[in-house]
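You will see two complexes here that share subunit A, one where it goes with subunit B and one where it goes with subunit C.
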Partner chain A sequence: MEAISERVFTEPTSSSEAISDEPSLLTIILDISPLGWYKLRDLMTLEEMTKNLLVFLNAHLALNNSNQVAFIASSPKGSRFLYPNPAKSYQEVKVSDGATSARDFVNKGMYRQFRIVDKAVLEELNEFLNEINKDQDDTMLADPASKLSGALSMALTYTNRMLTLDQSITTTTASAIASTTSSSASAASSTATGAGGASSGSSSTSMKSRILVVSANDDNDVKYIPIMNTIFAAQKMKLSIDIIKLGDEENSSYLQQPSDATNGIYLHLTDPRGIIQVLSTAYFIEPSLRPFIILPTNSNVNYRASCFITGKAVDVGYVCSVCLCIMSIIPDSKKCPTCNSQFDERIIHQLTKEPEVVKKKRKIDSK
Partner chain B sequence: MRNGVANLVSEVSGSPQYHLDKIRQLKARQHNKFEPKGDPSLQNSLEMARSLLKYNFGSNANNTKNSKEILVIFGALFTSDPGDIHKTIGNLVKDDIKVKVIGLSAQVAICQELVNRTNREEKNTSSKNYGVIMNESHFKELLMDCVTPLPLTEQEKEFEESNHGVPVIKMGFPTKIQPTGNSSIGNTDFTIEFPQLNASFPTAGSDDSSDVVQINHNMGATTTGVAVGYQCPQCKSKVCNLPTICPVCGLMLILSTHLARSYHHLVPLRPYKEVPISSTYESQFCFGCQLQFPKGVRTTSKSKGKLESMTSSRYRCMKCSKDFCINCDVFVHEVLHNCPGCENSK
Partner chain C sequence: MSSSNLFKATVNEYLEGLPKTVQSKLYEAPATCLSIYRLLSPMAKFFIMSMIFNEKPVALRDLDKWCMPSARKLEYEALKQLESLHLIEYDSKASHIRLHSTFRQNFRDCLTGSQDPTAFGSISTTVDKHQVDVAFLDSFASSKWETILHFMVGTESTATPSNSVLSLLRLGGLMEGPGRGASNLKITNTGFQFLLQDVNAQIWTLLLQYLNLTQELNMDPVDVLNFIFVLGSLELGKSYAVSSLSETQVSMLADLKDYGLVYRRTDTSSRFYPTRLATTLTSDSSALKTPAMAVEQALDSVEGGTDNEVSQTAPPGNIQGTVIIETNFKLYAYTNSPLEIAILNLFVHLRTRFANMVCGQITRESIRNALYNGITADQIIRFLETHAHPQMKVLAKEKLDKKIEFDTSHNINTAGGAPQSQALRADGSVAQHKLEILPPNVVDQIKLWQLELDRIQTFDGYLFKDFPNQQEFDKLSSYASELGVLIWSDKIKRKFFVTKDGMSQVADFANRKLKSRGQ
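So, the complex of A and B:
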């Protein structure tokens, strides 16, 4: 009995010292494109999804004192940081006790950090949805494409700041950083009281980070090059992009590629009702621990590229040898649409020729 | 090269990360079979490299588009070969493989000949393809010189000119496949596909046991879920590594990430412009990282010399007129190649 309990206690301490002592940043990108969520309306609402994600965020915060989270909502109208929102003050402390009943970030029965994140995300999300509803006239119809690349870019810039800038902290940026996480009045007090997040910045250990994308968007109409650029940036920064795909389409190639290329997890959930279980089992594991753990991943990754002319995903395409532009059809002008170089006639002829029926063979057969 | 034998550390692959991992593994594992030992054999290693290059790039129709290079980093002052190295050099010349050598100690005649013959230079001329390092920074310099792609030779140029226009290449973008074992949780409510179960070994956390796990993991790689392949979209045959040419239908198979690596050169991001100093600014926070900008100040004699009066700290994208901080500016232009503002507003 003693041996067993001792083993339990010794194992995690030694491994956590080696691997998971560094703080970790988790950025969640929630795609709130109306169409995708409308399709899911019988299974899950956006509100329930957000609740589940908040539980997940809280669990992440609870894991390590200096863990950090960020929450980005991405809609066809644009993306927005729900948390941390630097314009809002999360330090609604006892300055005016009675007045701040509407949005007090301190609750007696709740860990402060949890409360702040929950409250801020829900409030901002409501605000954002209201804004979208308000001017939902022609802007939406004109361009319903997903802004996932934008949200990913924002997440990466934010991660970049957290990863690199907070290490080499200088006095001027220190106050600025501290004031974004907790924009209290004086810089001196903010660094002192800076909640969790700011204090971790001063430590020289590099932060680990990952991005979790939750998307119910079914159409493949995302911008190809920006997504690819974010993949390469994420690879350079050694962060994983995890994807949860809801909705009908199983193999969203543009969502699979980021997760596969950055060593993340891609899961397609047909039924999102048990999502918190999936979140806490599959997605909770730090990227550094992932080699040691059997993870649920999808087996088939669709590495389709996007055609530059039609914008559709292609399996087999033609590639210009000068600029590597991908085409699903050879344009009539026989010129590359991107770099305008003339294609070789002979090779085009070879590629486009119909299969020929060889008659000679038949003669031999008949003989 | 070690003990007269050429050892393959990392196979021919288009992914830089794959090679880096292999080299890192090599560095991490002490007392392994790659420990320096015995005499080097230049011939063995060259032959190995030659066959690797030859069979991985194939002698197909598009052979002329490839350039094949070998970079030798050579520390020894001699080579102990099983056969005639001059024959090997002749074969290299025949296969159009260029060899570059970086010597670590002193110039060696055979290396000089190797470089001169494979690069089609005059005999015994000092060339930029053979350098001997003087110090560490010089090594870095020589190594970086090798990064630039080879210039076209006269022959290739003629071939290029005889062609009218640039060739179009038909390429396939295969699907990654993995052998899986399915397991459903509960009833049919939702099914999660797990990769085939790897035997998991308890790690006590000590260095010894983690080593054990590492080795087991590598040994299991061939049989378990780590084995991944790619399926040709045209004929559904399976290949292990990309980029390659489909062995069945001859279609060039490539990952879209290989191609997309260079796309930011095609669509370069316009530089941001610094916002002129004023007393009030439209933006309070960096659009990318949410960093708070310093507030605008009135340019009085008092505040001169302060950071706020010297610069606005805001860098604006001219297309989407969003403001970014200097660090995001650098990051966006050097790493990301995406403007977060434009991506969200387009």
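So, the complex of A and C:
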């Protein structure tokens, strides 16, 4: 052997398992606000979109046997978990095959995991839509704004629960991952649980998660502050929020920001036909793959903020020096609307000075 | 994790070794497509998914663009895997790839739910007079499986498994011995390794042996494999009609019953029930139990039942971990399950045995013995971790909490408040603190003892040398290291060594570069 100098010895076997094949949780939030979908009526119906999303869910479940999904519908009336629904036992859904109340889409011979999820989502969605139709009186007209932030919070709480709580609880709420995996998981966790809850350390790291938001809504319906709060929560939980924006309005900056801040994907689709191709490519990047794949996302994000008082977008505005609250006007009370701190009279006076004051100043200077 | 990869690797290896015609036939069954898909690496899964709803062939260059430069190696491995399974086909110029058309069609149908309704087994429509429940199936499966394990360890007073199982054990080199009698069989080193794997890996080991056997019996491997993969997607606790199976598959039922994978009341019954062992065949093994745990759980589930000698071998209600290890390498195991003690005996120097516990010492000799038997340090550590006593876990958790608390109070960057760009990068920062169930010094020492044994490693490969200039050397060697096939390089002598698999890639690259220079 020659002198040992300048040698590089790499073990080819050591680094080969760079990607871990961990189970992951996918939460889909579908915004079913009627207004947005009405605008898209020529291109795609809500039903078609749901079908595409179900195929996407199936694909996610196909990735790994222990993968989990959740589906949330968000409407102006509120948001609701379509799947998993804690009030329902999915064993029942399974047995009642004879009823065939679900659509043709759900084939009886479909793979078990897929069938249970797809059926539950379709049934619940129908129920939800019917409910909305029934009392379509004033509640909706009064506040047509989307409840997206609420849905996001629901998704986050659910994710948090799945991530930190012990797997046995997971399996009781989301018993969907039918008998086989659930009970073997609970068997595994029962060993892990050991002395009551001591196991969360090991199970909390094993699951990855992400959220996909599909929205056809206008920009100004989205509430800025709650969305920002969910972004911070998501950042802390290290989950990505992916966003699909449908419709032909310009890019929605409030929807862009969550995905940008959480390493998610934002795409604006003017034509949603053939969306499954987009779903299966751009939106199919698992959290464990994210470090290795260049995300198809837009780099110039509009970090526009909105006024805390009027809720409108601001380009140039005032900022509270204590809590950084953003305002487009100075409140009459001369107090910060968020932290209630008193603004300095002199500064307010300076800020509200008329332009002619400036003229005077110049005169003084010239003298 | 290592063992789940292990079983995936062995199954993949087997599948990759099949001739193309057999593979193509395999892809005709949707259940098989789904199972094979699950066995692929994450990157390969992503590639397939990106092609599945795409009618046109995909340019290789586009795939390159998807991947970060640092992930070149993963991309290369994924493509290689797909190619050897013939899931992708290159066009004539090797610039575009397309998916295997049958696979694509079937997998797509599977996702959209438009496949043949019986693809995932046909549930018997009639009511079974002898209905069995999940608990029964579980106990049936574990008692069958446990019989095999106990037989291997040589526990006395256990039943001898059937002949087909014995021949499999012999074929797989797990047990050996003169003559045909069961009593002459002795466990081999591979057999010891086998015992430390988790159930899933064990079943696959046997099934792969079974596949080899069926080929000798002129059974169609496609039929056999399809049935195995379908089994993995069946529903536990449901009965399935035998009538929808092919002749080969019906003949398999008897063998599979011997392994505890399916339950059939009689050999002429028109229905069969898959057991948990079968339905978790293609799932993540992290959700599964290790043999001793499985056995103990089975014992637990039999508790109320009237299963004969099983319930006597170990006390029920003892599913949790039992092993305590101290930093002085002393080990206490609160168990009297013969299987667990036998496994512990593989790598622990057991000293005393009491009514409900055994004590022992982990020594260099005991670990070396295990290592000589082909058991790896990782296997030992994993076994100890999964079987650790709850009290050890509580202790470890407390320690971890304290560490995290300390870090957050001293503002050392761990999980929270870190800048997002950093925090999301490969989340290495999260894993900064790991739950250390076992005393770290013991873990390290076991690993060191293993390293003592592998001082020399050998690799097959090719040497590149005689480069005309440094630049060329740099280019090629950096390309090879990007692919992850570089094993050794010497800058001054301008030589480097690549693995066997990487040779063609690097040579292609070299030819391309040299040619472009010539022009």
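Just so it is clear, the second predicted complex is superposed on the first by the 253 of 367 C-alpha atoms of A that agree within 3 Å, B and C clash if a C-alpha of one lies under 4 Å from a C-alpha of the other, contacts with A are read in each partner's own complex, and residues count from 1 in each chain.
By our rule, a contact is a pair of C-beta atoms (placed from the backbone, for glycine too) under 8 Å apart; a residue touches a chain by one contact, two chains touch by 3 or more.
The structure presented is a predicted model; accordingly, all values stated were derived computationally and were not measured.
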(message) Just checking: does A:156 make contact with subunit B only, subunit C only, both, or neither of them? Give me first, second, both or neither.
(response) first
(request) Based on the superposed arrangement, let me know which partner A:323 touches: subunit B (first), subunit C (second), both, or neither? (result) first
(message) So in the superposed three-chain picture, is A:238 touching just subunit B, just subunit C, both, or none of them (first/second/both/neither)?
(response) second
(request) In the overlay, answer first, second, both or neither for which of subunit B and subunit C A:261 touches. (result) both
(request) With both structures superposed, pick whichever of subunit B and subunit C touches the larger number of subunit A residues. (result) B
(message) Quick check for you: in the superposed arrangement, does A:31 touch first (subunit B), second (subunit C), both or neither?
(response) neither
(message) Let me test your reading of the model: by the given contact rule, A:291 touches which partner, first (subunit B), second (subunit C), both or neither?
(response) both
(message) Taking the superposition on A as described, I'd like to know which of subunit B and subunit C A:229 touches: first, second, both or neither.
(response) first
(request) Return first, second, both or neither, reflecting whether A:345 touches subunit B, subunit C, both chains, or no partner chain. (result) first
(request) Could you say whether A:23 touches subunit B, subunit C, both of them, or neither, answering first, second, both or neither? (result) second
(request) Take the contacts of subunit A with subunit B and those with subunit C, and give the residues found in both. (result) 10-11, 15, 18, 179-180, 183, 235-236, 261, 291-294
(message) Considering only the defined contacts, which subunit B positions touch subunit A in the complex?
(response) 17, 65, 163-180, 189-190, 192-195, 197-198, 200, 203-206, 213, 217, 225, 230, 233-234, 251, 255-257, 259-264, 266-267, 284-292, 294, 307, 324, 327-328, 331-332, 335-346
(request) Under the touch definition given earlier, write down the residues of subunit C that touch subunit A in their complex. (result) 1, 4-5, 31, 34, 37-38, 41-43, 45-46, 49-50, 52-54, 65-68, 70-71, 73-74, 77, 110-120, 122, 134, 233, 235-237, 276, 279-280, 282-284, 286-289, 293, 297, 319-321, 386, 389-391, 393-394, 396-397, 400, 415-417, 420, 423-427, 430-431, 435, 457, 459, 481, 484-493, 499
(request) Give every residue of subunit A touching subunit C within the complex, in rising order. (result) 2, 5-12, 15-21, 23, 55, 58-59, 62-66, 105-112, 114-115, 118, 178-181, 183-185, 187-188, 190-192, 194-195, 198-202, 205-206, 235-236, 238, 240, 261-263, 276-277, 280-281, 284-286, 288-294
(request) Could you please specify the touching residues of subunit A with respect to subunit B in the complex? (result) 10-11, 13-15, 18, 78-79, 81, 84-87, 143, 147, 149-151, 153-154, 156-158, 160-161, 164-165, 172-173, 176-177, 179-180, 183, 223-226, 228-233, 235-237, 257, 260-261, 267, 269-271, 273-274, 278, 282, 291-306, 314-327, 330, 334, 336, 338-339, 341-348, 351
